[in-house]
Amino acid sequence: MRIDGRKNDQVRATKITRGYTKYAEGSVLIEVGDTKVICTASIEDKVPPFLKGQGEGWITAEYNMLPRSTGTRKVRDISRLKIDGRTMEIQRLIGRALRSVMDLKALGEKTIWIDCDVIQADGGTRTTSITGAFVALVDAVNKLHKEKPFDVYPIRKFVSATSVGILNEEKILDLCYEEDSKAKVDMNIIATDEGEFIEIQGTGEESPFSRNDLNDLLDLAQKGIKQMVQIQKEALKMDSLWIGTGGK
Amino acid sequence: MRIDGRKNDQVRATKITRGYTKYAEGSVLIEVGDTKVICTASIEDKVPPFLKGQGEGWITAEYNMLPRSTGTRKVRDISRLKIDGRTMEIQRLIGRALRSVMDLKALGEKTIWIDCDVIQADGGTRTTSITGAFVALVDAVNKLHKEKPFDVYPIRKFVSATSVGILNEEKILDLCYEEDSKAKVDMNIIATDEGEFIEIQGTGEESPFSRNDLNDLLDLAQKGIKQMVQIQKEALKMDSLWIGTGGK
Amino acid sequence: MRIDGRKNDQVRATKITRGYTKYAEGSVLIEVGDTKVICTASIEDKVPPFLKGQGEGWITAEYNMLPRSTGTRKVRDISRLKIDGRTMEIQRLIGRALRSVMDLKALGEKTIWIDCDVIQADGGTRTTSITGAFVALVDAVNKLHKEKPFDVYPIRKFVSATSVGILNEEKILDLCYEEDSKAKVDMNIIATDEGEFIEIQGTGEESPFSRNDLNDLLDLAQKGIKQMVQIQKEALKMDSLWIGTGGK
Amino acid sequence: MRIDGRKNDQVRATKITRGYTKYAEGSVLIEVGDTKVICTASIEDKVPPFLKGQGEGWITAEYNMLPRSTGTRKVRDISRLKIDGRTMEIQRLIGRALRSVMDLKALGEKTIWIDCDVIQADGGTRTTSITGAFVALVDAVNKLHKEKPFDVYPIRKFVSATSVGILNEEKILDLCYEEDSKAKVDMNIIATDEGEFIEIQGTGEESPFSRNDLNDLLDLAQKGIKQMVQIQKEALKMDSLWIGTGGK
Amino acid sequence: MRIDGRKNDQVRATKITRGYTKYAEGSVLIEVGDTKVICTASIEDKVPPFLKGQGEGWITAEYNMLPRSTGTRKVRDISRLKIDGRTMEIQRLIGRALRSVMDLKALGEKTIWIDCDVIQADGGTRTTSITGAFVALVDAVNKLHKEKPFDVYPIRKFVSATSVGILNEEKILDLCYEEDSKAKVDMNIIATDEGEFIEIQGTGEESPFSRNDLNDLLDLAQKGIKQMVQIQKEALKMDSLWIGTGGK
Amino acid sequence: MRIDGRKNDQVRATKITRGYTKYAEGSVLIEVGDTKVICTASIEDKVPPFLKGQGEGWITAEYNMLPRSTGTRKVRDISRLKIDGRTMEIQRLIGRALRSVMDLKALGEKTIWIDCDVIQADGGTRTTSITGAFVALVDAVNKLHKEKPFDVYPIRKFVSATSVGILNEEKILDLCYEEDSKAKVDMNIIATDEGEFIEIQGTGEESPFSRNDLNDLLDLAQKGIKQMVQIQKEALKMDSLWIGTGGK
């Protein structure tokens, strides 16, 4: 039995609240257990310099933790004039994950800014951010699509994320902070609703892991991804119908 | 009649949720109309260098707006490597306001970090932050007091804040964003539950104002402060009993 | 009797030297007691991005203290890579004060940079900066007006500033550093030559103050403003004639 | 046949030059095809604050590319006052990889600084850095061990890294830059000499990949790791004998 | 005849005002023609980390130009978050020049901070800064010496600086800005009252110069240094008597 | 006899390897004794803002030391967010030296970026950088000239650099680190192949030096420059033929 009574292959109670704040084109509060993240998607009518004039859009992500989202207060990056290395790593991951399911040509010369601000952190903030940000992205894209339909609807697939790990020789799904801090292997999996991998990041900093361990973890992760996609679909309901259809 | 149907001397619907996040010693979500701010109070067992060894505590505040708390996305300070001037001004104001009602000797060698993170901005974020942060501060101080009673309970008074302004020749209380952006005079008032002023900041950037205007605005502000203190008291209930008593 | 022998309602000996340095369009050394500030006004033929193409000008201010303008050496901002919060607050205040008496449409697409560099600080550097910067601004604007008359002369009023405070239960005008550091209430007043308020900033960090105290302080401040405007007029003499006339 | 004539499962010609510069405790030039990295290991007799007094050591890594290590000149981080996100990600990866095979307790209160400076980049700079840095680390640790033998020799295993990817439906090992820039899946594998995984990072930004693809890529990667470890062993010869023995 | 009517071997009218501001231990306004610099010397009772516990003092210098000390407004370093390269070069030069005539052992564990803030720049600001800073340094050291005599008086020699250059084939002394901007060779000379060189910096960016040219320029410079030292001596009068005597 | 067995007027063994890395238009490894610097020249088809539209080119230089190029590890500038003052000084010097022999009009609207990255530092890194960078510059310019001949070949002269100093009353040429750290006078000389001076920087921080000392040092330096130019010529061989001819 796990710390919080879950089974090894069970994700935490997850809740997605759409329209959480009023200004952003997409705005979601996602709660996975005690991990809570505000994810917004903002549309800007221009692209970064390296894409100018290529008829293609861009998605970029920023991630941040409120100072007291954690057990001890975290100094704000601006006080140190440096972005935290972990923050940098995570926001690059979120950006890659969302771009992987987008048809950026179909989006056209727009940038979608994803902001994931962690209000409360209890493990899995990066995977939670991706799962929530995808829903905010759908809302923002649909807002555009309803105003003026895209020739090709630019979201091709669902993308969802979860974590798996090895703790006390048990392979477990969706680690909370206490589990994560003791796990000897820790893996984040980002995948589509069809079960294909978008990104796999597995670390055995404490102890290397075998090919067999890896296989078991991937089985577990795919189970988790299925559950998370299901939750996204329920949150989006009819608003997810265009995904993967090209908008027809 | 005002934009949102209020009377000139009416504050917006205000809601204070205590215990909003689980780690901070004090954690409050304050909503004043559509303005929403998470205020946390975190206790640290040391003081800044300039106070070391003087047996006195400190309160410092940081303020920040989430990028999409506003109508157009605001670039994060860390991306520009500079704290926004307005942000700096506001966080200094919050710190001064809270310190003014504290007996820092009684607090002892501790720092209380106040974090005000604006989730949604619709005018009055600085006054809302002060009103909410005070409640978070009380919760944090009471947590200490319950663990080990202070010799002298360090909070001496309530502190609350509101805004007043002149719009279309009308003097109005608690301006929302749309009112604020058109007002020719804009004033923030921070005061105690006894109606004494802690800080007055009035600006007539668009047009200077007379002594009579000032008097009218102060009347209105004092009315508003009374209402805000009342809301704080209701939120805190029994937990506000020690304030001003020295803890006996 | 005050520390330096002044009466409660007396400002310090004030001297304004115009044309203090040779390059700036307006350049003033202002001395208020031992507080000495070099104020320059520089004209640039473009406006910040947010004003581009709107046919309107801008005034922006920067404030800085020389490292040894104070009793102990102040580390330069560049060494810490951060602008001091107090500096930020003051330079924003100076900018707002000067803009409030300007017709920015009449100025046209120009930026006037105000630089206030404190050579010696003995209290009241922010109010001294405003009083001196106004004179530098007039010189710079007149330089333009003499080269090519404005359709509407863009300076509408005089603006001047002073401080008041409560020290040992006495209400006093124009505090020097020693008074300021002990005062329980401290207020900066910026006003026009007609006695209207442009900005009021009153702080009772040490102890809240009543409505009656406020009224007394405002009476005193208005007396001080009158004296400061008089000194500005004497310094500018004939060069102040256009102010408020629209240049006809 | 691949761009450079290699077979799909063939790594590039690899050369490790030890003692490349004279000051560092370990100093290696590693060349994998046209990718060239200087890796140094520097010993410092203290640990970072978070480890102080715990009797444990630390390994930290920094990675950088010379401006003209790439086809177009890369602006130095210091000119932008920001560490490149990719750089941050890579240096964190190198640090984790090396720490994973170290007994930090056995090392004692020392920090080993790993510096990987890329002289010429032709794909795989992060995996090349890890492979080379491990050799520099061994040299630095052996220098300490020869001066004063450790109770327990702190390096437990070899660590080596390589990349695999899918290009034109072919699965290939050790991608050069041209292959990497066109590959639809790109994976970096860090593993021990026993074939256990330390870190897996696979990205299908261009296109998600299946569980079968993943398995094929892992087979290929394990082949590559074996070759890289062999090259490390040949470079180190007798100097690798202590690894994994505890130093007896 | 030169632009300003001087002879080729003539320095500009120079004026040194001691005690220019009231807080610094040494405070000088130096005017060399239209170049005006405030030089202060501030004493701090500790040394930088690299000197701690060695019984030796330190002198460090900072140099800055007020934004409007020049013909067009210079953006403040803090706005760009970078110290200007030229500024860095100059402040290092001032520090080296003053340390070269100091007995830092005799000074003891103190740091003297030299601040040179240029109010108006008309060529030769670096040499003017050195000449003026030396006088401020003497005043600061004498203040210490009068309070508590040094065992050995720590200033060993006078140090003074001037510039020379080649303009229109003429070799000229003490270049003003207009001359400097057109000169093909430009040299700064720092020397003692005994005519020995402390630093020579000669640049022929526009055109290389011969050994003969160099000799002529050095002759001219030595003439100029003599004049500058004389002016320093007149400014210091009796207060320069200890220099070079060890204080007996 | 000197530390490393050289005669007083002997430069260290020097080796210049052209084409050291494959991407840069000019790429040189220069070794002067144990000092090793990678110098690259990169061509960019635009000029800095201050030169736009003037039909003139620019050369700019950056200098950096790898962290472990020195005896103790040097913290990277980016970790401190500040360029080292010495680094700034050196890179400005390199830029000036190379520009002094270039016909920037003839170059046309291009920027040549010189990067000098020190791999191993054993004294004289700035002079070594200049000597090596010149060769990289020639290679880059010749690459352009071979693609499309310049109307006027833009390199007018050779430029080379060396150091001289006084150690134990001996005047010596080309100081290694150990000599440099003990020398009482230290001078860097940059000159053309015709023996004309481009820049002279002599410092007697430890002790002032006489005119006679200076003359002896310049004699020695001119001997050294001759040797360094000879080495450049041998490295460049036929590729140096255009220099100073205007390309005909």
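Labels A, B, C, D, E and F are assigned to the chains in the order they are written; within every chain, residues are numbered from 1.
Keep in mind that, in the parts below, a residue touches a chain if its C-beta (ideal position, glycine included) is under 8 Å from a C-beta of that chain, and two chains touch if they have at least 3 such contacts.
Values in this document were obtained by computation on a predicted structure and should not be read as measured data.
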Strictly by the touch rule at the top, which chains does subunit C share as contacts with subunit F?
E
Determine the centre-to-centre distance between subunit A and subunit E, using the mean Cα coordinates as centres, and give it in whole Å.
60
Please tell me the distance, in whole Å, between the geometric centres of subunit A and subunit C computed from their C-alpha atoms.
51
Determine the centre-to-centre distance between subunit A and subunit B, using the mean Cα coordinates as centres, and give it in whole Å.
34
If a residue has to touch 2 or more other chains to count, which residues of subunit B qualify?
81-83
Could you walk the ring starting from subunit A, turning first toward subunit D, and list the chains encountered?
A, D, F, E, C, B
Interface with subunit C, subunit E side, in the complex: residues 21-24, 27, 34, 36, 38, 40, 42, 44, 62, 64, 66-71, 73, 76-78, 81, 83, 113, 115, 117, 119-120
Which residues of subunit B touch subunit C in their complex?
81-83, 85-86, 88-89, 91-92, 96, 99-100, 157, 187, 191-192, 194-211, 214, 218, 222
